[in-house]
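The same subunit A turns up in both complexes below, where it pairs with subunit B and then with subunit C.
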Partner chain A sequence: MSLNQAIETAPPAVPLKVRFGGWGTGLMLLAVWLLLIVATGLYRQDFFSQQTVLAVAFTMSIVGVLAIGQGLVAISGGFIDLSQPAGMITASLVAVRLSEAGMPLIVVIIGAILTGMVWGAFNAAIIVFAKLNPVIVTLATNFIGLAVLFLVFQLAEVPLNSDIYHFGRASFLGLPAIFWPMLGLVLVVGFLLPRTKYGRRATAVGGNRAAAKARGISLKATRFAIFMAAGGFVGFAAVLFAATAGPFNPGSGNAMQLNIIAGVILAGISLAGGRGNFWMLLLSVGFLSTIPTSLVFFGLSSDTQSIFQGLILIIAVAIDGYRARKGTP
Partner chain B sequence: MRNLLRVLAVTALSVPALIGLAGVAQAQDKFKLGMAVGGNTCCEWMKAQGDVARALAEKNGWDYVELSNNNDPATALKNAQIFVQEGVDAVIQFNGQAASNPAISAVMKQANIPIVTYDIADPGMYFVGIDNLAAGIAGGEGLGKIIKEKWACNPDLVVSAEGAGAGIVNEWRTGGMRTGLKNICPDIPDAKYVSFESQGDAAVGLPAARDLLAAHPEAKNIAVVGLNDGGVLALINAAEQLGRADGVIGWGQDGAFITGDNVNPHLAGSVFYFLEGYAVYAIKDVIGPIAAGNVPPLKADAGDPASKVQPCPVTAEQAKAVPDMNERVKQLLAAPAGTAEYDLFCPNKG
Partner chain C sequence: MTTVAADTTALPPAPHNPWRDVLTGSVASITFTFIAVVAVGWFWVGPKFLSFGNISIMGTFLIVPLIVGAFSGPALLSGVVDLSIGSMVGFSSALFALLISLGWDPASAAAVTLVACLCFGGINAIAIVGFGAEPIAATLGMLVALRGIAWVLLGSQGAIFAFNIDMFNLVSMTIFGLPLFFLLAILLTAIAAVIVTKTRMGRHVQAVGGDDRAAARAGISVKKVRVAALLLSAFGAGLGGIVFAGQLGSAARATGVGLEFQVYAALMIGGYSILRGGVGNPVGGALGLLAVAGVSNILDLKAISPYYVNIIVGLLLLAAVLLDRLRGGDAYE
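Presenting the complex of A and B:
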């Protein structure tokens, strides 16, 4: 067995530490989320209703899938992908056009995912081959993408009574149909990332580039693959978005960005790369998606959520910085 | 022979120069219209407003300069300064950035360039627009008639899809719809009136709409009013996702989603302003006379406008006879000068 094979088959120390340390993050998130739920329920008992569960689950679904893509970029040392809104709307537009052409849902899904992957490859090509900062590149491609989208369309909407329209309104086991793919993807990615060769490579590239390079891991190929995979998740999120949003315009995805980044950081996925447990996304995204609903039950306007989102983001970044300084997940 | 060659050479050189000079003089005499569109940030009609203005300017033989304000006050002010540098003779602006109106007014006044504003009045600008309050009341009354017939004026909830960013227009339209509804159903208790911030966008307002419905789990019969069709659709879509759309009836404003073959069955009606065709009014009553040298008196008050746009409330059934926006624009541009979309398409002319 070569040294490379040995490294790639044996779980390295970092992911073990991640899994162990992740419980602390998870317990903290769970406690805060439960506190919010109990406090709101005590204030208004009708908070404990199926309607609340549905409202929160719908919000979680799209944000959750986008957070997987964002988390992959972060854990591989790409910091954050600021082009998700433009990527998602581009893929949503493809989903709409395929639906309008009468394509079956599976074709619509594949088309949107491929579009997202192409979008990710576009980002990756600039980042990897021009060796530019991913944050600046994705910020720029988001601007470019939105500008091009504005030239291409003003409004788009999946046809009423199309397969994708019904998918966006269906429920399964008391939860929205769009919730289950998100749940499955988070569980699968969270399981595979520390346990597969490619997952460990992605984490290793983010954790210590020099060490990863010394192991023979191609930084370029790994980063390229990560951005493409992240784009695939953006593409799938676009299907969920198009299925539920109703008429949307090129700027309709912008509002989600902060929530997604906050969700990734709160989940303990380090923006510096190399650390994170994707299962924690369920708790962080669930918590963040419950906040606006709770605010409405407390009689506060849902637009005040921006204040809470901003505060939570600051706290999350502070925690992320603290973890990085202490070297703990 | 030599003299003949000299004459020919001078002629050959001077003719194009004279033609060029004549061209410059003609260009200097040519009326130049500046158009500041809102920006492609929400709605198809924002782009169409510019397209119609451009087509009408070309029909009149004018030069045309279009800039986008991106619904941003700072950009709108910068664009006003660009119009001055461009030497336009008059400006039309879609007013999505009221905060910068006084500054824009001052810039235009200093340059002696008349300016038309759509829908939000400013003391220094010709007002062309709809009576938003009247449009709101008309829509509210339209919804009220349906609520009276279906629910005996006893809905469980009346939801307002607000768009606070639109400022006073939101108060006129959304508040006007509540007033109109109360005109028909005066006994709906105030406690049944609730609001959410839709931002006038079906997709952006959707999570807030779901949260509002979750906070009123017992409400079955829900009437929805709002700043525009998009905001009302946010609540309707939310209700569909929470399995409660059967008891939802919405009435929007602006007519953006009441035509075509993708109309949500819970959107019972809307009020057309035919926003894309506002340039017809502006050119007929303000810009045209200015171009002809007859500058009309400044009418800046919404109550006494330079040109008044008629609101056109329609039920979803009536809206089926109204073509979609692209077709409307096509027919509008083919119609005789001065014909408004209201004249062409409104099924309920007052």
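Presenting the complex of A and C:
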């Protein structure tokens, strides 16, 4: 018991090199991001404008919140949650129906978050009780979920002039209003994860399952908690999505999936679990969200965007794999 | 007491029995699923379900998935999954159609297309085998990148018409009332099955997927096997794309989109695992594709929304993974 407490309260003994390595990720991301901004700015002076900042902040918001959920799943050893699109669209639909019923914004938000958490619990139940790998389970539930959604609705939209509609179009301190909750959530999660008992447990389960189990951490309970929390973030992202997307169909969330996974990996949150700093998500998601705007300024079609995104993901995963290989001799 | 114990311990190893293999082997569950699908089709739709005309329609749609599935099986067996096959089919059909529309002859267009596909497969191999990238994530990146490249090739119109009458005649040739290429794809599957189960090379692939460290200690080059498997999967997808373009006489933005999920869901239902190598058999994979095509055909004939196919496929997928775990797959905690 005392050993258990000692481990849980003691600061993790991290070698200096690894700790520097963590900040190295941040510096590298910042450098690449600045390089992209400077290159685009030199090519087209008008890139440096309020419009660009708005577009980037706007793109960052939804992807950022979803990336928190994805990062939680990854850091706890759940690998990837491929069911985020179905979960988000389900929660968005709930948000739309609630705001159509004239509910106040807070009820809409709570409803969407609860929907996301139920979706997460549904995934976790299959993963934990059938002991199946999360990648396949979420692949299948996404498949099933989207098919059911297509049977339920074709097109949905929040009513004009509802609270959530105005929230999606409001701005605060020169940036879209939806940007600030994302910033706050990333900062809070990034602060709490290495500093609270539950955060360290989640990371420990991802790092070494057997060791975490031997220490008395319930893998099942942790898995449930992680997937429900991740679902909660998906639900909140659904509010931001419903508020800003205009009319959406069940397939509208699919395009974001890759940016989210790329953002998590670029941020150094290892898909192998147990490692990562959530604050880095601001840099990685910021960088990835600048790419579409930059490409427009370079005069490239939106089709080329996927080429860049795909290649960046391959490079990021290769770096992640190289690091993991060096870390475990 | 002692004699009983001695009897049970001294029991001779069970003789090889192909019938028991059918009941317990990795192809067992898909055989039952396949029979169930055929039975449901027979009773619900009627004899029309098994008519030559209907099978021929299903076969025409199955040619590309069967080819792609037969070639991507070895990658799954060796423990690396290649998600980029769907986009690779799209890219290959776009490049092939573009070259044909520029006046190339089909043979050299096909050769150039296949070489291009092998190059992209090589990038996958460098990232995964060379750098140790996670196969699912790396090939997901390749999936998106290749889709972008295909769309750029297709231009602003989003489609290239490249109708070649010789190609079309070749692809739509029939023997005994069934499409020639469907029968060829089945033959390809059979050859793949023989190579995987009966040859030294196939056993090496299975050994690498089953336990790469043990395979390395046994003197098998794990890297070589995996690089070859990834190149083979890219080659198969390239071939599938060319056949696709030949069938349709064109390439479009939607070509190959989602094919990777269609193929892998069917392969997993057929006994492959995308998370651990060393299990699965090309025959099971082909039966998986046939079973899913059968389900979709039944719903089609009964005029039921195609979205139910995805629900059924998703549920079958979960059931298949559960069966794989119960049969000795890794339990996830």
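The rule we apply is simple: the second predicted complex is superposed on the first by the 319 of 329 C-alpha atoms of A that agree within 3 Å, B and C clash if a C-alpha of one lies under 4 Å from a C-alpha of the other, contacts with A are read in each partner's own complex, and residues count from 1 in each chain.
The criterion applied here is as follows: a contact is a pair of C-beta atoms (placed from the backbone, for glycine too) under 8 Å apart; a residue touches a chain by one contact, two chains touch by 3 or more.
What you see is a predicted model; the values in this text were computed from it and never measured.
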Contacts of A:L183 with subunit B and subunit C, given as first, second, both or neither: neither
Touching partner for A:A211 - first (subunit B), second (subunit C), both, neither: neither
Partner chain(s) touched by A:V32 [first = subunit B, second = subunit C, both, neither]: neither
Subunit B versus subunit C as contact partner of A:L105, first or second or both or neither: neither
Which superposed partner A:S301 touches (first subunit B, second subunit C, both, neither): both
Touched subunit A residues, subunit B compared with subunit C: C
First, second, both or neither for A:L114, with subunit B first and subunit C second: neither
Which of subunit B and subunit C A:A262 touches, first, second, both or neither: second
First, second, both or neither for A:F150, with subunit B first and subunit C second: both
Touching both subunit C and subunit B, counted on subunit A across the two superposed complexes: 150, 301, 303
Residues on subunit B engaged by subunit A in the complex (per definition of touch): 40-44, 46-47, 164, 195-197, 201-204, 206-208, 210-215, 217-218, 230, 233-234, 236-237, 240-243, 256-257, 262-264
Residue ranges of subunit A touching subunit B (in the complex, touch as defined): 44, 46, 49-52, 54-55, 58-59, 150, 154-155, 157, 159-160, 168-169, 171, 176, 241, 244-253, 255, 292-293, 295-297, 301-303
Interfacial residue positions of subunit A with respect to subunit C in the complex: 80, 126-127, 130-137, 139-141, 143-144, 146-148, 150-151, 209, 213, 219-220, 223, 258, 261-262, 265, 271-272, 301, 303-322, 324-325
Subunit C residues within the subunit A interface of the complex: 123, 126-128, 130-134, 136-138, 140-149, 151-152, 156, 261, 265, 268, 274-275, 305, 307-311, 313-315, 317-318, 321-322, 325, 330-333
